[in-house]
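One chain, chain A, links the two complexes that follow: it is found with chain B in the first and with chain C in the second.
This part shows the complex of A and B:
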């Protein structure tokens, strides 16, 4: 008995609906990987939330201190690391001190330390000041019970740092209360901003409990819709969302805001001229990932359209 | 970090990444191995971090006090902290059939603390959003907002006036809120045709919102895949093995 190939009997509509998964995965992997070898600067208009965040961070005076909540690990490196790197580049170039703490994941403090060290080395290699642990920044480590920690930060910040130790360069751990970073910090209100870099719902935890310091969020793409609500209601002073947010910050660092030139970026959020950091290493993961993201999304749209066309054709044939 | 150390670290990362992605082909032992390796590492790390970064510095050291370099007492021990230990240990009675009711004590304490915060938490989170939803829908200036680029910078940003285009945005916003709220009128039988239509529109608007949220979710997953591709092709192969910067 002759064996007939079932695929040969399929109509065009059925074929379009049954593209093998491995083929889709292969195409997706190729589309995600190939553009990484050909970095291109795509045209970009930063959104208001990114512009406001950039404006606020750039307005920080030299020597001021910000509190950074770092609640991400390598699982969301694709978005959160780019955000953290962009933030650190600005803070280090503006010589703003920072205190990092974590409430989401015990792995996060080490990931933060590695990222800070990487950007500090990058800055030093470019001939600029190298940020030193304990002198210029502190990593307080992990605090379980995010709700209780956030309440304590708001009501009695000194209770959070009491007993905590951090490593000065080439030295044994020392009590963080001895660090120059915390000089003059008695309450969370003494920080200029609380910047939350997160891949989880810790944004809600701090929003509900910390009221004494203005906040800005750096969130993953999936959190952009709910974070937009907080931004629209004025609860946060700006945010950076996903790869687009990272690319926004990198674009603003490269071209500045309201700076005359072929790539002038304007926003109704501010008419102030804010020069970025021309000639420095401003681009990173945002520029590297943005083209790949476009190709991957194009594949998704193509797959959705193909599947729907296939369903339409199959139904018409059936009718 | 030496070159060899870095290359070994990158190689392990690349092998683990490939191992975890083999699940796309089918369930296999290579995938299972790296899944368990990851879980084991994460659990071990969490245990150590919990002791070194939390229990030791915030409970144990404070309870015992500390000595200065010359041997004298630097900080007094705070002995009442010892009371926290039996309360915490009660949580483990959950494994005993006879005494598991005791585990409800620490759970009750945690729930009590959490509940006490909720009124304030709710207020801080939602009241600004409710007040932010009260938007004006009556324009006070022309339709189009002037381009800030064409304005005299000395005058500063355009503030105060509500342009027609902004009022239209606000109107869409307010209508959306009303329609979506009307969708959740479950407590009584809705007979009004207006509310029924508004409710239907609310359902559609919710679906559009969920679609947008789903879109950002997919975008995020793609970003994570792109990052893994970057790690393997650029950081591991191009920079790590081939030394091309």
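This part shows the complex of A and C:
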């Protein structure tokens, strides 16, 4: 008895609907990995939320202080680390001090410390001021109960720093109340912004409880739809979402906003001319990963279209 | 020099970090907590239920009052309340950070509970040599090694003589710092990232097999998703915009404008509706838990 190949009897419609998983996985792997070795600068129009966030951070006066809630670890480093790095580059160049705390994951403070140190070293290598722990920034650590901590931050900020220690450079840990970063901070309202870099729903935790300081969010791609509702209602003053958001910030840092030139970026959100940081190291994870995202999205669209075309062809044949 | 503008005043609830007083309070706290837990175990079931109900109710009542009772506006540090009602408001405001500290401590105990549970399950599996017990050995060994390296590294950094270890680079690092770096940054963090990246493959496979225009609703969803995804692709957006640039009416059909309209008029209202529903559900569940009306999910 002759053995027939079942695939040979399949119609085109059926074949289009049954591309083997390993083939899809291999194509995705190649499309995501190859662009990492050949960085290309793709055209980009920053979304309103990114533009507003950039405008607000760039308007921070030198010497001011912001509160940063860092709720991410390396599982989302493709997005969150890029966001944190872009934010740190701006804060360090604007000489804005910052206080970092965590309510999501015990690993997060160490991941933040490493990222801050990396960007501080990068700035120093470029001949600019090197941010020092304790002098220019503080890492308060992890608070296991996010809800209670967020309420305490809003109610009495001093209560969450009381008794905390951090490491000054080349020194033993010291009480954070002695740090110049907290000079003049009486309540959370004395911070210019609370910036939440997160990969989880801690955005809701702070939105529900912290009312005395304006907020901005840096979230992962899947959190963008939910975050958009808070942006649309004016509860947050801008946000950066996923790899696209990181690339938006990097593009704005490179080209500025409303700056005349071949790469002029205009936005309905602001007519103010903001120069950015031309000639400095502005690109990072956004530029590196955006082409990968681009091609992965292209494959996703192609796969969905192929599956649907296959379904229609199979239906027509069956009718 | 004026540093932190307002230090927390010393009360019974706080003590100097690293002081003997703090350690004595920690030990006393542990003894009292252990005593309460043992007493609860010894309590008859019926009475224990009432104890838990009462603790849950009063714990919830504090935050209910904290949120609904009028809060002091522009209160000065040395301001005294003018009457009993204002005094209660001041008390709620002052007590909240203490309650937050207590809840932080209770939440931290969950880590201990998790470790206990993990050890109980996996040591049992190793002892009985159940299926895949070798993985349990790896898990326990990984946890113990990480704890040892993490703790020794932290302890060494506390010593002012080892201050250089806290600086950048590898200056002054010893075997313990390199070990911790290898385990945390070299292994754990990369495995964490690797694990999460696998999701992309499942999303692609699931979208290819399940995302079909089988009905009108599914077709609308499909087209909307495709437009939003295309708008995230700068190259497509750029060429699309070139095609319609300069024509007033057609400017509305630029990819970013269509995507923006979809987000503002379709996606955002839909998510708000869902959020309201979820919020009401959470509120009702919260009230049921608070008043001990929720019977499902308990050990009884």
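Everything that follows uses one rule, which is that the second predicted complex is superposed on the first by the 319 of 319 C-alpha atoms of A that agree within 3 Å, B and C clash if a C-alpha of one lies under 4 Å from a C-alpha of the other, contacts with A are read in each partner's own complex, and residues count from 1 in each chain.
Everything below uses one rule, namely that a residue touches a chain if its C-beta (ideal position, glycine included) is under 8 Å from a C-beta of that chain, and two chains touch if they have at least 3 such contacts.
Being a predicted model, the structure only gives us computed values, none of them experimental.
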| task | Could you tell me whether chain B and chain C fit or clash when both sit on chain A in the superposition? | result | clash
| request: For A:117, decide between first (touching chain B), second (touching chain C), both and neither. | output: second
| request: Scan A:313 for contacts with chain B and chain C and give back first, second, both or neither. | output: neither
| said: Output check: A:32 vs chain B and chain C. Expected answer is one of first, second, both, neither. What do you get? | reply: both
| query | Regarding the shared-chain residue A:280, is it in contact with chain B (first), chain C (second), both, or neither? | reply | neither
| said: For A:259 in the superposed arrangement: first (chain B), second (chain C), both or neither? | reply: neither
| message | With both complexes superposed on chain A, which partner does A:185 reach: first (chain B), second (chain C), both or neither? | response | second
| Once the shared chain is lined up, is A:44 touching chain B (first), chain C (second), both, or neither of them? | second
| message | For the three-chain arrangement built by superposition, which of chain B and chain C touches the greater number of chain A residues? | response | C
| field | Touching partner for A:293 - first (chain B), second (chain C), both, neither | value | both
| message | Is A:167 touching anything from chain B or chain C once the two structures are fitted on A? First, second, both or neither. | response | second
| request: Clash-wise, after the superposition, say which stretch of chain C runs into chain B: 1-9, 19-27, 91-99 or 271-279. | output: 19-27
| Overlap of the chain B and chain C footprints on chain A, listed as residue numbers | 21, 25, 28, 32, 75-78, 106-107, 143-144, 147-148, 151, 162-165, 225, 229, 232, 293, 296-297, 300
| request: Note which residues of chain C are touching chain A in the complex, please. | output: 1-8, 14, 16-17, 63, 66, 93-94, 96-97, 99-101, 103-104, 106-108, 110-111, 157-160, 163-164, 166-169, 184-185, 188-190, 192-193, 195-197, 200-201, 203-205, 207-209, 211-214, 222, 226, 229-230, 232-235, 237-238, 241, 256, 260, 263-264, 267-268, 271-272, 275
| remark: Listed in rising order, chain B residues that touch chain A in their complex are 24-25, 42, 45-46, 49-50, 53-54, 57-58, 61-62, 113-114, 117, 120-122, 124-125, 128-129, 131-133, 145, 147-149, 151, 153, 156-158, 209, 212-213, 216-220, 222-230, 233-234, 238
| said: With touch defined as at the start, can you tell me which chain A residues reach chain B in the complex? | reply: 21-22, 25, 28-29, 32-33, 36-37, 75-79, 81, 106-107, 109, 141-144, 147-148, 151, 162-165, 204, 207-209, 211, 220-225, 229-230, 232-235, 242-243, 258, 264, 266-271, 273, 285, 288-289, 292-293, 296-297, 300
| field | Residues of chain A touching chain C in the complex | value | 19, 21, 24-25, 28, 32, 42-45, 47-48, 73-78, 106-107, 110-111, 114, 117, 120-121, 133, 143-145, 147-149, 151-152, 155-156, 158-165, 167, 169-173, 175-180, 182-186, 190, 225-226, 228-229, 232, 244, 247, 290, 293-294, 296-301, 303-304, 306-308, 311
